[in-house]
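The structure's right below; bear with me while I get my questions together.
All chains are identified by letter, namely A, B and C, in their written order; residue positions are counted from 1 within each chain.
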Amino acid sequence: MKRIWILLSVLALAAAVAPFTGPFVILLLAQILVLGIIAMSVDLLLGYTGLPSLGQAAYLGVGAYLTAILATKFGFGLGWDFWLVVLMGMAAGAATAGFFGLFAIRASGVYFLMITLALGMCVWGLAYRWNSVTGGDNGINMRGRPKFGIELANDLTFFYVVLGLFIASFFALHLLVSSPFGKSLVGIRERELRMRILGYNTWLHKYIAFVIAGGFGGLAGVLWAHLNGIVSPVDVLLPASVDALLMVVLGGPGTLVGGLIGATVVVFLREYLATMVQWWQYVLGAVYVLTILYLPGGIMGLFKGGKA
Amino acid sequence: MREVTLEVSPGERKAIIGPNGAGKTTLFNLITGVFPPSSGEIILFGKEVTRWPPHKRTALGMARTFQITSLFPKLTVLDNVLLALAGVGRAKLVMWRPLSSYEKFQNRARELLDGAGYWDRRDVQVRNLSHGEQRQIEVLLGLASDPKLLLLDEPAAGLSSGESREMAEFLKRLDPSLAILLIEHDMDVVFDVVSSISVLHFGAVVEQGSAAAIKRSERVQQIYLGTG
Amino acid sequence: MKRIAVLIAGLAAASPGISQELKIGFLAPMTGIFAQIGKDMENGFQMYIDEQKGNFAGAKVTFIVEDEEGKPPVGVRKAEKLARQDNVHLLVGGLLASTGYAIAPVSNRVKTVYVLSIAAADDLTQRDLKQYPYIVRTSWTSSQPHHPLGKWACENGFKTVSAIAADYAFGHEVLGGFQKAFEDCGGKVIQKIWPPLGTKDFGPYIPTIKRDADAIFSLMVGPMALQFPKQLQEAGIKKPVIGGGTSYDEFVLPSMGDEVLGHVSALQYSAALDTPKNREFVRRYREKYGKVPSYYSESNYTTAQMIHEVMKQTKGKWPGPEKFIQMITQLKLDTPRGPVRFDDMRNPIQNIYIKKVEKKKLHGYDKDELWNTVIQTYPDVSQFFTYKKEEFLKQPVYSRDFPPCKHCN
């Protein structure tokens, strides 16, 4: 419980200082929160269920492309119906995961990694190749953010909306991981066979977790599209999935909050280190390797052993 | 396995003994549904369950423990038991309510842990318990779902003789209506706990009978007790 | 990757009037597979600044380079950073067409000029121009050099062409432009093969090239450009090859071998241009960076010159984005690539050179090298070539399926 209060205070602090951070930092903060949502969805799989997904960007892509296509081709989702798009993005992410899960959940460990990677590449291929719908290599430029009484085109307003959705996602996932279902995921991570003997249909539990993670991936995608104003096949590419996975590893798997911490570190390192030195990627790489070697609990592990 | 016919009646306490590699654990895996049998059938509480997955058999009232401790090492003693409790029934798919808010589970967990003397240490991670303690939790997890049939795979494995005796006492105290199928090498425990014994050798049942009769059987002496 | 390239010349005291500042945010790939091209881009721009000792008519130039990694979303983020955090007056650069498409809307959001010094996406200065009041292009549209190339091919006796082009927007637009002009003059494109961007093994594609075609049209980029002619030669195919601009530009040419001799391509620039202005440019560039300038270098060098010319007119005072766009499009300049002015859709009108790869000594260098010898010049070519602007804009942007391949079967 203490951890939640710390998180809420940090977020409240961020909300309070946001108006004074300057026009670029506010974008970075929003970016961190969106990445925080996708990282939490990866954490649900990796940290709680023990499924290392390398295809999470696929669901982000589905949500983002859906948002961009609805907005540019049908003018849909630029007013109050933005909230409908949020729901549709989640549904689309979940549906995609529901389909992919049929293949992926049969595997575990490194095979799960490979299958999710391959499925992610399918979505990339579709984004890249299906020119008439996705704009192919050029991607889709959005014309502007929604407005409904408030104008999301204002970066500060947009940040608050993203913050709200992040907090909602966090509480939903936090409740989920402490529920009987959430605890069953941890049991599956720890010892799947025992769970089956105890009466759990472990396939179903993993499948449902996979679908839920896809849903939150889709949500992140809707916000991602509006954040950048462009959706591009690069967003769906493998490095995006790897980033999400590494953010969780860096922040601390099985903690939910860890994803946000990982996203913060990665975003700031990437933006500011990249401005200073050309070999910033090696620094980031070294940070990852050192974390994996010496901090198996991630940054959260530094503050007393996280309780799964 | 071949031509194994085994029956356990309600409340019966039966042991399966046999030398290493006789197929005892394999038999358990068939009964619980970890592997499907290539032929034959398995009937549980009057239902044909030969092709059922493990979780459905558990729902019928079967439970099992493992020869090699199969707990959730990074979870607390309480969480281990709660997971076992939630395994039967519908609550396991609930996502919108904390597990800690289910009073029936909490009360039952307290009952079980109090009975075994672990309530004070409910928040200790299982991996920090001694081997003997882990074996007891292993059995507790088997009991948690209130089974009608409990399969115990060498509950006394790796225990000292004192601990084994404690384990036997513990098993004897269990609800008499619970049927137990026990695999065990420690013959003191076996003769202490069960009334009938089946002897397994090279995947087949070679001898069945009351504990006393098996103790006297020459053939059993030969293949198992004498040489073992 | 910020490099503040302010060359306060040793004689700061002797250069009076540096009281104002011009901040230029430059976007080019500095890491990843396009890093070397990004270096060419940066070098071209940097060389011009250095020649002016960092002083554009009284404004001190602050040149900030950001790595866009060749990825559109990264380009967007970096453009936002340059505009919002560094408060640059102009954004310049962006390599890939897709990056250009992505950054254009940013220029609206941050109300900052965006000079497309490389990114060639056709529609930015065609059907989409109205949406983007703050952009201007100083380079070319993908199809611009390839309209004349199509006409040239047709007029030089090629009747049927089999085309193989990288499968992405730039490839579609290059081939589209070639096909349109070629077929309008009577030629026939009888086949289109689309290997994915980044293909290195053309084994599956080369045998499918139709044997009865008079020539092969190829559009390659980067490493693809090196591999395709080699593998074509190994397969024993001796048909004439006509290529899109990037198939033989000076960025790839020095790494090529004799297999490309005689191949023809088109672009608004060739390092082999025999004009005093270009000879001088090549000499200085080669002295400074040890290599022949590519169109990536020339285009950015010229872009810097254009910005300087505007600043001359304002005496070093930043005129504001709207006024800047208006002023830069009024320029008529003599540049290394030749005379350049702008059409009313903010894209250059310039010479297009039909070039043939030859091995020879040029510009006084003593070694035999590969050069893009100009064999024909189409003067003052606009992005609409000889077509009427209104009618041209009525057709859809060139794509995989447009113009349709009527003669393929």
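One rule holds in what follows: a contact is a pair of C-beta atoms (placed from the backbone, for glycine too) under 8 Å apart; a residue touches a chain by one contact, two chains touch by 3 or more.
If you're wondering where the values come from, they're calculated on a predicted model, not measured in any experiment.
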Contact graph of the chains (line, ring, star, complete, other): line
Per-chain C-alpha mean nearest global C-alpha mean belongs to chain A
Contact-pair count is greater, between A-B and A-C, for A-B
Between chain B and chain C, the Cα-mean centres are separated in Å by 75
In whole angstrom, the CA-centroid distance of chain A from chain C equals 37
In whole angstrom, the CA-centroid distance of chain A from chain B equals 42
In the complex, chain B touches chain A at residues 32, 34, 53-56, 58-59, 63-64, 66, 70-75, 79, 82-84, 86-88, 91-100, 102, 141, 144-145
In the complex, chain A touches chain C at residues 22-25, 27, 31, 131, 136-139, 141-143, 228-230, 232, 234-235, 271, 274-278, 281
Interface with chain A, chain C side, in the complex: residues 1-2, 30-31, 66-67, 71-74, 76-77, 80-81, 84-85, 97-98, 101-102, 104-106, 109, 121, 131, 168-170, 197, 399-400
So, in the complex, the side of chain A touching chain B is made of residues 175-176, 178-184, 186-187, 190-191, 193-202, 205, 208, 308
